Every structure is written in structure tokens, then in C-alpha cells.
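In the two complexes below, subunit A is the common chain; its partner is subunit B in one and subunit C in the other.
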Partner chain A sequence: MEYKATIGIEIHVELKTRSKMFSAAPNTYHEAPNSQAGLVDMSMPGTLPRLNMEAVRYGIQLATALNMQVDRTLYFDRKNYFYPDLPKGYQITQQDHPIGSHGYLDLTLDDGSNFRVYVQRAHLEEDTCKQTHLADVSLEDYNRCGVPLIEIVTEPCISTAQQAAKYVEGIREIVTYLGISDGRMDEGSMRCDTNVSIAPVGSDHLGTKCEVKNLNTIQNVEAAIACEIARQQAILEAGGTVEQETRRYDEKLKQTVLMRKKTNAVDYKYFREPNLPPFDLSERFIQGAVSSMRKLPWVYRAEFAKLGLSNYEVEQLMKDKRLVDYFERCLQADPKDVKTLWSYLVVDLQSYINKSLSQLTLDNLPFAPADLVALADLVATHAINSKQAKTVMEDLVSRGVKPAQSVAEHGFEQISDSGAIQAIVDEVVAAHPEAVEDWKHGKDRILGFLVGQVLKASHGKANPSMAREMVLAKIGPMGQRP
Partner chain B sequence: MERFLNRTIKEIHAALISGEVTPEQLVAEAGEQIARDRCNAYEAKALKSARRKARQLGEIKASDYLAGIPYLAKDNYSTKGVETTASSRILEGYVPLFDAEVIRRLSRHGALMVAKTTMDELAMGGTGTTGRLGATHNPYDLSRIAGGSSCGSAAAVAAGDVPYALGSDTGDSVRKPAAYTGLVGFKPTWGLVSRYGLLPFACSLDTVGWLTRCVWDSAALCRALAGRDEKDMTTLQRPKHDYIIDVETRAGGRRACYFPAVIERCSPAVQEAFNRVVEGLRKQGVTVEAYDFDTALLDAIYPTYMVISCCEATSNDAMYDGMRYGPAGSPDSKTYQEFMTSARTRGFCDLIKRRFIIGSYSLLAENQHDMFQRAQRARRVIVEALNRMFEEYDYLVLPAAPTVAPKIDELSYSWSKEPAFADNHLALANLGGMPSLTVPMGFDNGLPLGVNVTGKVLDDGGVLGFGQRIEDVTGLVNLTVGEVR
Partner chain C sequence: MSRVSKETIEECARNLMFELSPGQAELISEEFDTLYGQLENLAAIPGVDQAEPMTFPFRRHLTDADLRADEPEQPLGAEKALANSHSKIGDQIKVPKVVAHGQVDHTEEDM
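Moving on to the complex of A and B:
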């Protein structure tokens, strides 16, 4: 029997706001444990939550990016349960009225096929403490407590592991391009849970779903869902039934393992948070949030394609938002050839940065984007050749020497004066009558030989393409081999 | 030695300005009074810091009515450096790192907090007998309650220990004790005064409140405490307002009503005193008429209040898990559940656990519709009916309690199947977020009786002005117990 899978995904994204969701404590990462928690985060009796409007702004931006309806009034609810990482005994979330609802995201698989993921809701909430379990003790870090989160929940509308991974990658790209989150799955600033069920093809019922939690890389999302589909299919094919469970992906075993059986779901006793009255968002605030949105990935893709970059070139750029930003700054210097610029940025400069022993990044380069453009332009106009360009690049990256100055210092200035080149061509052709004779008899290497002689005679300064054209004009078309 | 703290704020202020007494002498007097307490009114004392602040006070200006005058705070206000337990074992030893906003504002006005007062545990209760230190007694008759939950504040102010005390009011916790102890008790509009630092009972009903010995003093406190606080998102943005002027000019409307169904259910002495107040008001040109409020809605007050307050309380008090403050859970705990359960089992009295269970039950997904949401709907229906009444009348005037303060050994802690709305109607003001003031109206065999006036949301000045009219009628100003019996 053939089966189809039905997959839903929940993603928690930590928002990169300055302060926490409901308190003025700083929202940071990598700080000493429990150094970034305030009275509200520690749930000191009598403290009250205060809404972080920056988080609301980010929520509106994400909802807009996902084509969602934005709720004009904010409501918050309490989700009640006892747990050591939850100091208030409840989490403030948006159960009844998520800030965004009924959206979608269009995506493309590597084979070029398009698919759409329907996003049910996106709601604002607060993070819990970070727990570290040691052998005989558990540690609580309140730094994470109260960090703003947005939870994005899809409809159960995804049908393959590849689609799921592409969707997670799509969300990661959106939040990082919007600048609302680091989107670091390895550091937990983006966390992904998924629900997987399978049913026979043609069946109008969904199978029993299992939740697979804590998928900390995009590769794991794909691998975990693929294993889980295979596991459920094996059970059904053996005549068994899938039980509702919470599982996690074990990277070493390359399979999902049981965390707990879901006998009856926890009742979170939701009710409206009385300390945060319904908050009406002004049209001005919403418009302000939308108009201050940074460019979304698909806007960049369209712009870069319009510039003439290939699909491959675009994707290489898109992998890193910082590269895109740098490329955009370069574009402001009006490069002569975008593909040449792309190559010097994405290939040459990147490999310099990767190889550099000093902590070189795109943010601390000793030169301006316009200087890189100047280098690319020299190459694009054949003012220097690629070998010379390497030297110029070296000067630029290591010492910040401007390309024009570098070219002058090394004497790379090419002769582009057609009269001067013509004189040398005439000399060279006259000095090699036997070569011209061979050319007439179809010896194709002769052209390269003669051009080489011209460049040699000019001490490498003649513009190679001009020299080639002039030699060709002088000796005429190549003859037939006898 | 001449006493000052048994006078009103206004009188003590005059004595300070004239140099008759100094803030330090007032703190010393408060210390002596506290030491003589026979009502069990006190939790932690803060005399040392009060003395220090008294010494540091600069010159008291004529408009600084609160400067240099000692006061008390109910033990559910977070007080920096002073143990705060809300009279619950769950918070024993908890010394907060911050002051509640009202404490901060009073401090800024130069007021001197000398001690914390007992209360029903975590403000849940109306008897003043459930706190960790046992029952608080009424200074007019030690065999009787002072009322709850602000029992210690009421007892101490009535005993003349200080001129005023902070309480908190979720159902009637300031206004009922005020009636039982011959005081003025005010609950402002919900959102007028910051709750930041008030340990919550039921946030949607809780308000800061205060007990004084005259209406003018209550207005002076309202002037000092009202106003938006960025730390409490439920506080309202209002222009600065002088409530003292409202009292001095008897501001507000002149149309009041009462519910005959409530009056009928009061004791003869209460009815008599109430009728005298009504007659007096009428002589002043105030209209006081009977209003036929649906008794089915009056019957609904208690269950509605109970379900909503228990639901919010069970969630609010979930923070007391023995992990961050108060006594820790059992060291023998094998799991976090055991740890939290042991802390909470020891930390709360049985009456509170009953409320938590009712709240928790009412919030379960399968019960929410019939319990919590139904209570929310009932709340809306009741408040809508009140608002219709307020289209015709400016104020609702009723006896604050149907009898004098009950005797401690005659109390029943079982839940009445037929709650008496004459004893519960003060919660109307909490359900609607309205300002509400209790003022003394007479005595029954030497025990005080109170009358309550409730007004429209944000007509706090009018309610205080109307309270002043009642005070004019009764002439009962600055009542204290001569000698605690």
C-alpha cells in the first residue's frame, strides 16, 4: 500500500529586541548566567508585565512577510503549569488572538518545483528559563526567562521531508533578512518541533500523529521527518497501529526515539491575562512597522536576477545576509559588470576572508566597497588581466591599497592607445612572415603566438583583447588546412 | 505624654508645621503604640528605618500633608528591606528587593512607614483570622473580628496607633473592615492607582486602598497616590487632580439611590442608622431614592466574585513554589513536583487550598464554559445593570455591612449555599472597577457601623465629596477607641 504523509511544523523564534518581552531587563546571549534577569523575570511577588512594543513591531513584520492578517488589537493569555523553568507558574502567550493568522509562504524545491505552506498562526510569547541538568542537580539560568518569542504554526499541509526542510529554511531566511532574529538553530534562537502522521493514499482521514521535538539543524528536520515517516510506515505495514507519542531525533542512531506517550494532554487552563489590558494598535504603528521592514529574500532574488546574475550566483549570495548587504553597497558604486563584481566578492574576497589568519570579516575590511568595485571594473574593462588582479587584490585586502594606486605601483597600466598597439602589431607581423604563412594554411595556434609576441614586445602592457583584434585584422581570416 | 497619632492627618500636619511635634517624636509614639498592641495587628516593624528617614526629612512645607507622619502598610505591599509575607507561611523570611509603587510615592511625599500589618492570608478572606499569626481582634471589642482582609490596618488605625494605613480591596477588604472599626475606607477606580508591588490576589478586581479616620485624609492620600505608572499597564492616563478640593467643595452629583432588598436584610440598628443618614442627606438637598435592582443579580454577586477571584488567585499564587522565596520545599524531594508540593502543602492554610482547587477546577477546559466563562458573562451582566442604574443616579448608598462585627468564636468557615447579598454587595464596585468609600454612620451598643457610597468609574472625586456630605451629616470624624477593651 502507498502512504502519504501529513506534516505540521511549529517554530519558535527568539526575537532580537533590546529588552525582554514583558520586562526592561536586557535581552542578550552569551552573558554570565543569571546576570540578565530583573525583578519581573524572577517573578518577584507584586511585579507586573509591561509590553515590549519593539517585539510587537517585529511580530507585525513577520506576519506581513508571511502574508498574514494582523490582529488590530493585542490580547494576551496565561498558560498555566508548574515547572521549574517557569517562575510565575504561567507563561504569557497569545492563545485566543494571535498577532498574525491565516498566512502562507511560497517556496521552491531544488528541482525547481513550487509549493505553498499555509501558516495557521504566529503569536507572541515569552521564553522560559534555560535549564541545565547535571548528574545530581539542575541549574536554572533566568537570562533566557522572558526573552521575546514568536511561535509560527503551520497547517498540517506539508507532505514531504524535503518540503519541511525547505519551509524551515525559508522561515530562517525571512527572520534573518528582516533582522528580527539571529535564526541560529544551534544556539536555540530558532527551535523547531514537527507533527508527523501518515495515511494510505486516497484516505480522507489523517493518521495518528507523533510529535518530533528539538530539531536543531535544518538537515535534522529533513532526516527526522524522513525516519519518522519510515517508522510509521513500517508499523502500519506490519499490521500495527501508530500510537500518539512525543519523540526526539537521535543524530547518532539516525532515528527518532520515544520521549513520552501522550496519554492525556495537559490542561493549561488558559485565561486572559488581566494585567495586560487589550491593546489597540494604531494604524500608524502598524504602517510604521510595515514600512520599516527590511527587504525580504524574494525581493533580493528578483532584483539580482534582473541584474543578470544566474540562479546559482544569486543563491550563493543569498546564503549569507552580510554578503548580500555588502553586495548592495557595492552596487551603489555603479560597477561596470555585475558578474565580475560577483566573482571578486563571492569567490575571491570570500576565500581571502576564509583563509585570513586575522579575524577578517565583511564588517572590518580595510577598504570600502567602492574599492572592490574599482578592482572589478579594472578587470571588466581589461585594464588589467586576472593575474595582475590577484596582486591588486592582495594589496587591497592586506594593506587597503586602492586599486588605482596598486596598478601604478606595480606598473600594470595597460597600453590601450590603438596607435601604439598597431605599431607593435605591424612590427611583430612583419618579423614573422613564416607564421603568417602557417596561418594561411590553417594553423590556428598562430593567432595566440602572434598576440603573445605583441604582449611581450609591449612588456605585458598592451591591452590583450585589443592586441588580439588588431593581429586578426592584420593577418586576415585563417586559411584551410591543405 | 501628649498624643498626636490619634489625630487626623490634617491635624498632625498642623502640629508638625507649628513645631508642636517632630517627625522623630511621632515615630517614637508609633513605636510605643505598636508595643502596646492588643489586637494582633502587626507583622514586621520598620521603626529603625522610619527613625532614620524622620531624621533625614527636610523642612515640611504647608502642602506636604503626609510628610513626617507615620503610617502602616498591609503586609501584601512589597517593601524593600522589610519582610513581606502577606501573612502567609509560604513567604516567611521573604525580604523584597523593591518597594511597591505606592510605598515609593508615599516615601517621596515624606511619609514614614513604621510597620506592616496582619491580613487574611494572601488577602483571601473577610474575617482577619486566617493569617499565619492567627486572628486579629477588633479594638472596640477584642472578642470580635476587625474584618478582613485588611484586618491589621483597620485595627491599628481604629486603636489610634497611626492616622492611616494602606489596605487592599478585592471584594470589600478595605471597606468592610472600615465599617467594623469606625473608619473611612476607600477603594479607588481600578487603574487609578498603580498595583505594582501589590502582591496579587485577583488582578482584575484588586485595587490599592486605604483606611483613614476622616474623608479629608482619604482625599489627601488619593491626591498623593493616583496617577499613571509605566510599570503597571492597567493604570490610566489622567490629568493631575486635586481630590482635596472635591472634598472641601462637596463636589459631585446629588442624586443617590439605595437597594431596599439590601436594607431589609440588615439588622434593626443598621437600618435605623442608615435611615438617619438618608434623612440628613435629604435635608442637605440630596435626592436619595429606592432603586429596584434585580435580586437575581444581587444573588449572583457572590458566586461570580468567588469563581473569578479563585481562578485568578490560583494562577497568581502559582509563583509560590518554594524555589525563589519563602521556605524551600522538602530537601527529601525526589522530583520537582515533590519539592513544590511540599512547599505549598506547608505554606498555605486549608482555606486557601480550597480556593485554589475551586479556581483550578473552574479553569479546566471541560469546566471553563460552565464556571469561569459563565462567571465572566455574569460579571458583564451585573456591571451593565449597574451602569444602567448610574444613568439615573450618581451614587449608590448602602449599609457597608448588615450587622456589627461578628464574634470570632461564632464564625463559620463553611461555604453558605445561600450567600447573603447584604453581606457581599460591596464586591459590586470590584466587579465594575468603580470607586467606593465606606464612612462611619453610627454605633450599635458601642460597636461601629458603616455606610458605603459607590460611584461611576473615575468619579473618585465625587465619591469622596459625597462621603464628606455623609460625614457632615453624622459628625463622626476621627473615631478612635479610647481604651482598647
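Moving on to the complex of A and C:
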């Protein structure tokens, strides 16, 4: 029997604000345990939450990017539970009135096929503390307590593991390009849970769903869902019944493993948060948030494609927002050839950065983007060859030497004077009559030999492409007398 | 007979991981009877079902001008933040481990 999968995804995104959602304590990472909590985060008596304006702006921006309706009145609710990860005994969230609802995201798979994911809701809430579970006790670090979160929930409309992974990648790209989150799944600033069920193809009802939680890489999203679909299919094909469970993905076993069975539904006794009155958002505030949105990924893709970059080149750039920012700064210097610039930025400069073991980044380079453009222009105009460009690049990256100065220091100035090159070509052709004869008889390697002789005679300074053209003009097409 | 039985109280306590000493479940059960009685008194007031619930102290909504600017302030620091904790390891609060098979970890439980 053939089965179809139905997948829904919940993503928690930590917002990159300076302070927390409901307190002015700093929103930081990597600080010493319990050094970054404020009175509100620790739920000290008499303290009241105050909503962070920037978090609301970020919420509006994300909702807009996901084509959602933005709720103009913010309401918050209490999710009650007794657990040490939040000292209040409840989490402040938006159960009934998410800031964004009824959106969608259009995506493209690697094979070029398009699909749409419907996004049910995006709501603002606060993060819980970080817990470390030891053998017999748990340790609580409240630095993360109160960090602003947006939870994004899809409709159960995704049908393959590949689509799910592409969707998560799409959300990560949007939040990082908007600059509202680091989107670091490895550090927990973006966390992903999925609900997976399968049913026979043609069936009009859904199968029993299992939740697979805490997926911390995009690769694991795809692998975990694929495993879970296979597991459920094996159960049904063996005549069994899928039970509603919460599972996690075990990377070593390459399968999902049981965390707990969902026997008792947890009742969080939601009610409206009385300490935060409703906020009416003005049109001006909402438009201000929308108009200050940074460029979205699909806008960059369209712009780069318009510049003549291939899909591959665009995607290599898009992998890292810092690279995109740097490329844009380079474009301001009006490069002569964008593809050459792309190559020196994405391939050569990145290679230097990777070799520097994190000492070098795009933010601390000893030269300006315009200097990289100057180097790319020298290559694009054949003023230097690729071998010489490596030396110029080395000078630029290691010492910040400007390309023009480096070229002068190394004597790389090319001879581009056609008269001078022609004179050398004439000499070389005259000195190698046997080679010319071979060329006439169809030996195609002769062209490279003669150009090499011209470069050698010019001490490597003759413009190679000019030399090639002139040699060819001198000896004529292969197999014919000049 | 109590409207919320001692057994129900004990089950709720287990779910919430509250420890009850002998007799407390019975006491809470009696307190629920009192609470139910008070609610019945309120329900007997004519027209009470037409009253709007008063969630907030004021009818007025706030506006975006009332939102807090995203300016961080000095946090408490570990010493003050942990001052009320009787049980610590380093600068972290030590609590009984309550994540076990079959139990709910709310940090992982989303609605």
C-alpha cells in the first residue's frame, strides 16, 4: 500500500534584541550562569512585566515576511505550569491572539519544483531557563529566562522530509536576513519540532501523529522525518497501530526513539495575562516596522540573478549573510566584471579566511571592499594574470597592500601596448618556422607553444589574451597557410 | 461528601510534583467545598452572568508608545539572583531532577 505523509512544524526563534521580552535585563549568550537575570525574570514579588518594543517590531517584520495578517491589538496569556524553568510558575505567551496569522511561504526544492507552506500562526513569548540534567539533580541557569521568542507554527501541509528541511532552511534564512535572530540551531537560538503522521494515499483522514522534538540541524530535520515516516509505515504494514508519542532523533542510531507516550493531555489553564493590558498598535508603528525591514532573501536572489550570476553562484553567496553584505559593499565600487569579483570574494578570499583559523573574518579584514574590487578589475581587464593575482591577493589579505601598489612592487604591470606585443609576436613566429609549419598541418598545441614563447620573451608581462589574438592573426587558422 | 475528593487532590499533587503531608489532602478538599460555596453565593446574585469579566484594572488599552524601549539595564548578578536559593552547585540553582520517562518536561512541551 502507498502512504502519504502529513507534516507540521513548530519553530522557536530567539530574537536578537538587546534586552529581554518583559524585563530590561540584557539578552546575552555565553555569559556566566545566572549573571544576566533581572528582577522580573526571577519573579521577585512586586515586579511587573514590560513589553519590549523591538521584539514587537521584529514580530511584525517576521509576520510580514511570511505574508501574515498582523494583529493590531496585542494580547498576552498565561500558560500555567509548575516547573523550575520559569520562576513565575507560568509562561507569558500569545495563545489566543498571535501577532501574525494565516501566512504562507513559497519555496523551491533542489530539483526546481515549487511548493507552498501555509503558516498558521507566529506568536511572541518568553524563553525558559537553561537546564542541565545531571544524574540525580538538575541545574538551573536563568540567563535565558525571559529571552524574547517567536514561535512559528505551520499548518499540517508539508508532505515530504525534503520539503520540511527546505522550509526550516527558509525560515532560518528569513530571520537571519531580517537580522532579527542569529538562527543558530546549534546554539539553540532556533529550535525545531515536527509532527508526523501517515495515511494511505486517497484516505480523507489523517493518521495518528507523533511528535519528533529538538531537531538541532536542518540535516537532522530531513533525516528524522524520513526515519519517522519509515517507522510508521513499517508498523502499519505489519498490521500494527501507530501510537501517539513524543520522540527524538538519535543521530548515532539514525532513527527516532521514544521520549514518552502522550497519555494525559497537559492542561495549562490558559488565561489572559492581567499584568499586561492590551496594546493597540498604530498604523504608523506597524508601517514603521515594515518599512525598516531589511532586504529579504528572494529580493537578493532576484538582484544577483539580474547581475548575471548563475544559480550556483547566487546560492554560494546566499549561504552567508555576511558574504552578501560584503558583496553589496563591493558592488558600490562598480566592479568591471561581477563574476570575477564573485570568484575572488567567494572562492579566494573565503579560502584565506578559512585557513586563518577564525583570526580573519569579513569584519576585520585589513582592506576595504573597494580594494578587492580593484584586484578583481585587474584580472578582469587582463592587466595581471591569475598567477600574479594570487601574489596580489596575498599582499592584500596579509598586509593590506593596495593592488596597484602590489602590482608595481612585483613588476606585474602587463604590456598591453599592441605595437610592442606585435613586435615580439613577429620575432617569435619568425624564429619558429617549423612550429608554424606544424600548425599548418593541424597540430593544435602549437598555438599555446607560440603564445608561451611570446610571454617568455616579454618576461611574463605581455597581456596573454592580446598575445594569443596576435599570434593567431599572424599564423592564421590551423591547417591553412598564413 | 466533598465535591473534590481527597484522591483527586492527591492525583493533582502528584501531577504537579507537590508533596503533601498526611491530612493536607483532606484539608484542601474541605477548602474546595468552601470555595464552591462562595462561588454559589456569587452565582445567586441576579444578572451576574451578564457581568463582563474584569481581567485588567483599567478599561483603557495601552498603545505602542507604552512599549518599553529596548535598552538593557544592569542585571541582578549571580550573587543577588541566587541569594534566596538554599541549594546551589557553583552559580547554578540545584533542584530535584524531575525529567524522567513518562513525565512531562515543559521546556520541551509546546502547545
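By definition in this document, the second predicted complex is superposed on the first by the 477 of 482 C-alpha atoms of A that agree within 3 Å, B and C clash if a C-alpha of one lies under 4 Å from a C-alpha of the other, contacts with A are read in each partner's own complex, and residues count from 1 in each chain.
The rule is short, and it goes like this: a residue touches a chain if its C-beta (ideal position, glycine included) is under 8 Å from a C-beta of that chain, and two chains touch if they have at least 3 such contacts.
The structure presented is a predicted model; accordingly, all values stated were derived computationally and were not measured.
Placing subunit B and subunit C on a common subunit A by superposition gives a clash between them. Of the two partners, subunit B and subunit C, it is C that touches more residues of subunit A.
Legend: residue contacts after superposition of the two complexes on their common chain; A:N80 is shown touching subunit B, with no touch to subunit C. Once chain A of one complex is fitted onto chain A of the other, the partner contacts of A:L39 extend to both subunit B and subunit C. By the document's definition of touching, neither partner reaches A:D348: not subunit B, not subunit C. Contacts of A:E173 after superposition on the shared chain: neither subunit B nor subunit C is touched. After overlaying the two complexes on the shared chain, residue contacts for A:S19 are found with subunit C alone; subunit B is out of touch. In the superposition on chain A, A:K269 makes contact with subunit B only, not with subunit C.
Once the two complexes are overlaid on the shared chain, A:R50 sits against subunit B and subunit C alike.
Of the two partner chains placed around the shared chain by superposition, subunit B and subunit C are both touched by A:P277.
Taken together, the two structures place residues 39, 42, 50-51, 82-84, 138, 270-271, 274, 277 of subunit A in contact with subunit B in one case and with subunit C in the other. Across the complex, subunit A is touched by residues 76-78, 84, 86, 91, 94, 96-98, 100, 195-200, 202-204, 230-234, 311-312, 314-315, 317-321, 323-325, 336-337, 340, 360, 363-366, 368, 372 of subunit B. Per the touch definition, subunit A reaches subunit C in the complex via residues 10, 12, 17-19, 24-27, 32-39, 42, 50-56, 73, 79, 81-85, 95, 128, 131-142, 151, 193, 213-214, 246, 259-261, 264, 266, 268, 270-272, 274, 277-282, 285.
Touching subunit B in their complex are the following residues of subunit A: 39, 42-51, 78, 80, 82-84, 87-90, 138, 267, 269-271, 274-277. Within the complex formed with subunit A, the residues of subunit C that make contact are 15-18, 55-58, 60-64, 66-73, 75-78, 81-82, 89-99, 101-111.
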